[in-house]
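Quick notes on the structure that follows.
Naming follows writing order (A, B, C and D), and every chain is counted from residue 1.
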Amino acid sequence: MKKLNIGLVGYGFMGRTHSNAFLQAPRFFSVPFQPVLKAVCARNADRVKSFAANWGYESIETDWRKLVDRKDIDLIDIASPNDTHADIAVAAARAGKMILCEKPLGRNAAEAEAMVNAVESANVPNTVWYNYRRVPAVVLLKELISQGKLGRVFHYRAQFLQDWTISQDLPQGGEGLWRLDVAVAGSGVTGDLLAHCIDTALWLNGPLADVTAMTETFIKQRKHALTGKVEPVGIDDASAFMGRFQNGSLALFEATRYARGHKALYTLEINGEHASARWDLHDLHRLQWFDHGDEGRLRGWRSVHITDGDHPYMKHWWVPGLQIGYEHTFIHQFADFLLAAESGKGLSPTFREALATDYVTDAVLRSARSGRWETVAVGQQARV
Amino acid sequence: MKKLNIGLVGYGFMGRTHSNAFLQAPRFFSVPFQPVLKAVCARNADRVKSFAANWGYESIETDWRKLVDRKDIDLIDIASPNDTHADIAVAAARAGKMILCEKPLGRNAAEAEAMVNAVESANVPNTVWYNYRRVPAVVLLKELISQGKLGRVFHYRAQFLQDWTISQDLPQGGEGLWRLDVAVAGSGVTGDLLAHCIDTALWLNGPLADVTAMTETFIKQRKHALTGKVEPVGIDDASAFMGRFQNGSLALFEATRYARGHKALYTLEINGEHASARWDLHDLHRLQWFDHGDEGRLRGWRSVHITDGDHPYMKHWWVPGLQIGYEHTFIHQFADFLLAAESGKGLSPTFREALATDYVTDAVLRSARSGRWETVAVGQQARV
Amino acid sequence: MKKLNIGLVGYGFMGRTHSNAFLQAPRFFSVPFQPVLKAVCARNADRVKSFAANWGYESIETDWRKLVDRKDIDLIDIASPNDTHADIAVAAARAGKMILCEKPLGRNAAEAEAMVNAVESANVPNTVWYNYRRVPAVVLLKELISQGKLGRVFHYRAQFLQDWTISQDLPQGGEGLWRLDVAVAGSGVTGDLLAHCIDTALWLNGPLADVTAMTETFIKQRKHALTGKVEPVGIDDASAFMGRFQNGSLALFEATRYARGHKALYTLEINGEHASARWDLHDLHRLQWFDHGDEGRLRGWRSVHITDGDHPYMKHWWVPGLQIGYEHTFIHQFADFLLAAESGKGLSPTFREALATDYVTDAVLRSARSGRWETVAVGQQARV
Amino acid sequence: MKKLNIGLVGYGFMGRTHSNAFLQAPRFFSVPFQPVLKAVCARNADRVKSFAANWGYESIETDWRKLVDRKDIDLIDIASPNDTHADIAVAAARAGKMILCEKPLGRNAAEAEAMVNAVESANVPNTVWYNYRRVPAVVLLKELISQGKLGRVFHYRAQFLQDWTISQDLPQGGEGLWRLDVAVAGSGVTGDLLAHCIDTALWLNGPLADVTAMTETFIKQRKHALTGKVEPVGIDDASAFMGRFQNGSLALFEATRYARGHKALYTLEINGEHASARWDLHDLHRLQWFDHGDEGRLRGWRSVHITDGDHPYMKHWWVPGLQIGYEHTFIHQFADFLLAAESGKGLSPTFREALATDYVTDAVLRSARSGRWETVAVGQQARV
């Protein structure tokens, strides 16, 4: 089988989920490439060596430019902080590498547009790790919608609720906390959490036309981990918007890191004329389904345990009743990517599709500043 | 409209639920009698006066024999402790009164048989307050079973879990605690809680053939509220049995007052070839329903909110989504009783049907002593 | 005991819930008045007679002005459609009657202000039937907030989701459907459903400062039940807003009648620094509670079954584990009102407090038209 | 790092879960050996080659005796059907190999005793794959019990409910269906499912003293996959028992493959004086916890999402809120085994501890035949 030499940038949380996907995909899926963990790159040589040893990377780099220049690398996986995405992606595209990029694509749509242009000019297979598109329950919902089971859609709601930054003592910036540093992250929960909700929504329910938004930074100043000084906090701690999809349905979205009691509660609900569905990340192996076509007296929300062989991806795993977890979404996406890449294609969400999410998050942040409804940039349509 | 003069014995918890039913039934249901709260009887004159004033009883008695003798009473409702049921019922039957009796019918089947004989000889309309047969969700389940939606039944399980007697300091006997005094109650949770589970089961799934049982008294001695002495506890704190229904399905039943965290958690589940159902008292307005006939990938337990106009009894109450509570089961039973009584009939569960439950509880207690499987007495068939 | 002669206007759904409250409150609560169902008034003489017979009203009227003029009436209860509230209330206040009024107070704040002025000038005890303030779980939450258990509040969310008007065939206006006729109702879900969410929120979390809103009418034309003609639909089918409370927390509210699968799902959630709580109307006897002070490894959302004697109102009902339902909220409010009225006071929410909700719904509708953030009128503060 | 050469017998469902554990454990846990997938053995050469290629086994065997004889194998993992466990284990012990064995240990206690004797004579590290002991939620519960948080235990219940064999058309025996062939499996759900429940129970709640049991075979004849003939079914389709633990608490256990709507619903509940807990396999990442010590009005069942860094095993995985799945239990057990093996010890449950479960299942089957209470063999104590 043809080998696919992978060069990973970043060894943080996402470096681990991606590396696991590289190793696990061939064990559980029939894939057309043999992934090879060729090199991992990060600035701290000691830590990157340790990471490489653990995951079996053959070599290390401490400068991503060198990694990109290596001839023995077929694919660059960008799992480093947001402020590095654009430079690496553009360089990797120019070097003709396939590219996997963590979300959000750019810190803003301008960065993301440059990235899209780069991969489309270079015509390299690419995808963005909006991994929740590969939750079996969410994929099943996509299929149900495509089959027309919902009919006309009236409402789409999504939330991503966390509570891990409530403490005033948490510093901003630095290892593991760069998501709190606006210069690195680009925004707060808007790009980190809301982007997930938006990506899934565009996929399931089509483009958003316009939005009105509200953001808040509850803790105004935090010590910066790198400078040691107490500095203004630039990120948004909470972000919410209302809007209208092009199909006429109403949008209600919210993300926050100040919802005490919720760890990573991404929830979505879609209400159609004939049926409705709900899903959440805390029980990701379940889909809540309401079918108005059921016999009247027995209508109710079904809790479908998505662990059967005829559920998306599940024949590759265990037997009915035995659940999978978070990491499997990355395995699914990588297995799908390999299939697409074999024929030279990118995998949805491609950079272009992920750009659509950046257009929405840009509009959200713009509206939060202006206090007005903002039109989402054209070209945002998900092309699946 | 014809008046129906009611004489109530007992002013405890059940005296309240019944009195409320007498008052509410005509407001929400079209009934063929106008219930009149004619008299209430209990030994403590002061308290019974207060009770009568609160609920609007026209008169009081302190000796149930006088109440039974009164010519202006059409119906005797027995809501006094278990050790009084048989005497009152037999006397009331002889006096030609309609009779409502709290469950269990007797402290044992021998008492209950005498009661059945009395009402059947007198041919007076009668019913036993196994109120959970009038929960809308349970009635719906009965209808589904009758329609054959379950197919062959494999399993029937029921539990009644409470935790209110765990404290060693709780006395036995006396006001409000007579359920802990075996001389008054007849047994512990077997007659108090398990009897409810059995009654519903016989109704939904038919007769039980034989059982093997286990009982336990966790706290062996308690102070007796009347004598003031520490005395051996005669009741069972927990009672469980396995058995076989005549239809070949397996029974697994349990009741306890030592299940920390559960207040009055009566749960039942029935598993058939084509469908299964679950219900519990802590959310009595919901029925859990699983239909194997649903499209494979969308099979799941439906949580049906039993508040629609086409759900049993519910068109008499509010609008969809607005739940009713515990007391309504008594209102339903009384409304149903009035309809039956108009044509001179008793209402299921009649004394005879309730006797079937006493046959089972007798077999349970017998098996718990013998350590052997015990056959349930014949004649136990529910005649619905 | 002193009698309180009640004159009810309206015999619809709310006429029933109120009448039941008048009858039940004295049975379960110690109240300082003996309510007398003196008269019920509605335009259709036959139907009002039938209603009076069922509930035990001593007399009927077909013109509310006559009812208000009657000297033997102490209290006017307004349970008729929204467009009648203001006229009746103003007249009743002038006549010196105590007044109970269904929500929303007026079709808009201007109407409501007139009503507030009338009752305050006349100094008559008054309350508005925002009944969800009397759900035991919600009252418990109010107490927990008052005790400071939440600390600083970050988020307050509420939804009221229904699905009963999705059919195009449903007419607007007429008996039972006046809520779909904007001339009668004043607005759609904004005044009908969102108003409930807002009232509870102002009570629990204090005043709202400003809002940005979105409304939608999914079905643009319906046959009018009275004219028989297909006419434009003037109500909002869905209404959502974001906003900021004066305490700095963020608001996210939504109401709709187009959320397939939800019957009357009023949900609320509040996230504080130290604790969070959730409640919903489909299981109104439960409070979801998360306490960050719990031992770390055992933190989780508690599902508290609000049926214990030390839960608000519950000692008046049954025993732990046995739930109450929707209608009890009205019984509670009426019992509370009688206590307040004894000392000449109104009961929260008084007309003035309910006016605060109209200020918010006015701002919501204004913002939905303007597309801008709108300030909520001053004077909206809940005065509890 | 020292290498550990693994020889696996069996390539079915369990061969996959174990192989995955061998590969994943070193990625996520710090282990003292480097596992090497040296050889996999099964009778079908083509299929075993394919399996070896997929998982990276260096070689294959088609006769387990050859595998056991190989000098380059340090550890034998028995993942073949139940009728092969004893022979392989005894031979492997004699050959001085470390041994991992799928559950149940033997088809009956006699087989299992021989296996225990073999490993104890040879003094080789061993463990049995009762993997549910490595569910983080279950481990947390074990710790809570060990800390005395439950106080005196009153009840322990467990169920394992499935529905996959209801169809009459399912054959018995053969590839993937050997669990339905009594000659191979030893028993039906008793050894397959109930054994899991018993193992966890002995670990959490100590030894069982005696039991009374009931089994049922609903479908009496099935075509045998190997002979092609319709033959009597020898396995039990359902198995239930009541019993008493040595600590005085009551046992209620049930397993079935005829509970329509349940895929692999292993549930357990333990009720103590001070606290109770529930867990189930369909949401294995949650622990339900009730603490009677909580403030009275706020007592409720907590749904604890076991995904925090201070939950057992979870710091090795992702971040709070992100769940793991079924396969992780095997990874945990293998990682733990390596740590134990480093110092020459076996890992709980060792063969001896797993024998205790066989003593209980033997007593269950004996009681189901005798209709009497049966004493569980001595020596069954879990030695943790």
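By definition in this document, contacts are C-beta pairs under 8 Å (C-beta built on N, C-alpha and C of every residue); 3 or more make two chains touch, one makes a residue touch a chain.
If you're wondering where the values come from, they're calculated on a predicted model, not measured in any experiment.
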At minimum, the number of touching-chain hops separating chain A from chain D is 1
By Cα centroid distance, the chain farthest from chain B is A
When B-C and C-D are ranked by contacting C-beta pairs, first place goes to B-C
Chain-centre distance (mean CA atoms) for chain B and chain D, in whole Å, is 42
Chain B to chain C, mean C-alpha position gap in Å, rounds to 36
Between the Cα centroids of chain C and chain D the separation in whole angstrom comes to 55
In chain B, the residues touching two or more other chains are 262, 299, 301, 305, 308
Listed in rising order, chain D residues that touch chain A in their complex are 13, 17, 20, 23-24, 26-27, 54-55, 162, 164, 262-265, 281-285, 305, 307-308, 317-328
Listed in rising order, chain A residues that touch chain C in their complex are 154-155, 157, 163, 166, 212-214, 216, 218, 238, 240-244, 248, 250, 252, 254, 256, 258-262, 271-276, 290, 292, 299, 301, 371-373
Listed in rising order, chain B residues that touch chain A in their complex are 140, 144, 287, 289, 291, 294, 296-305, 308, 310-311
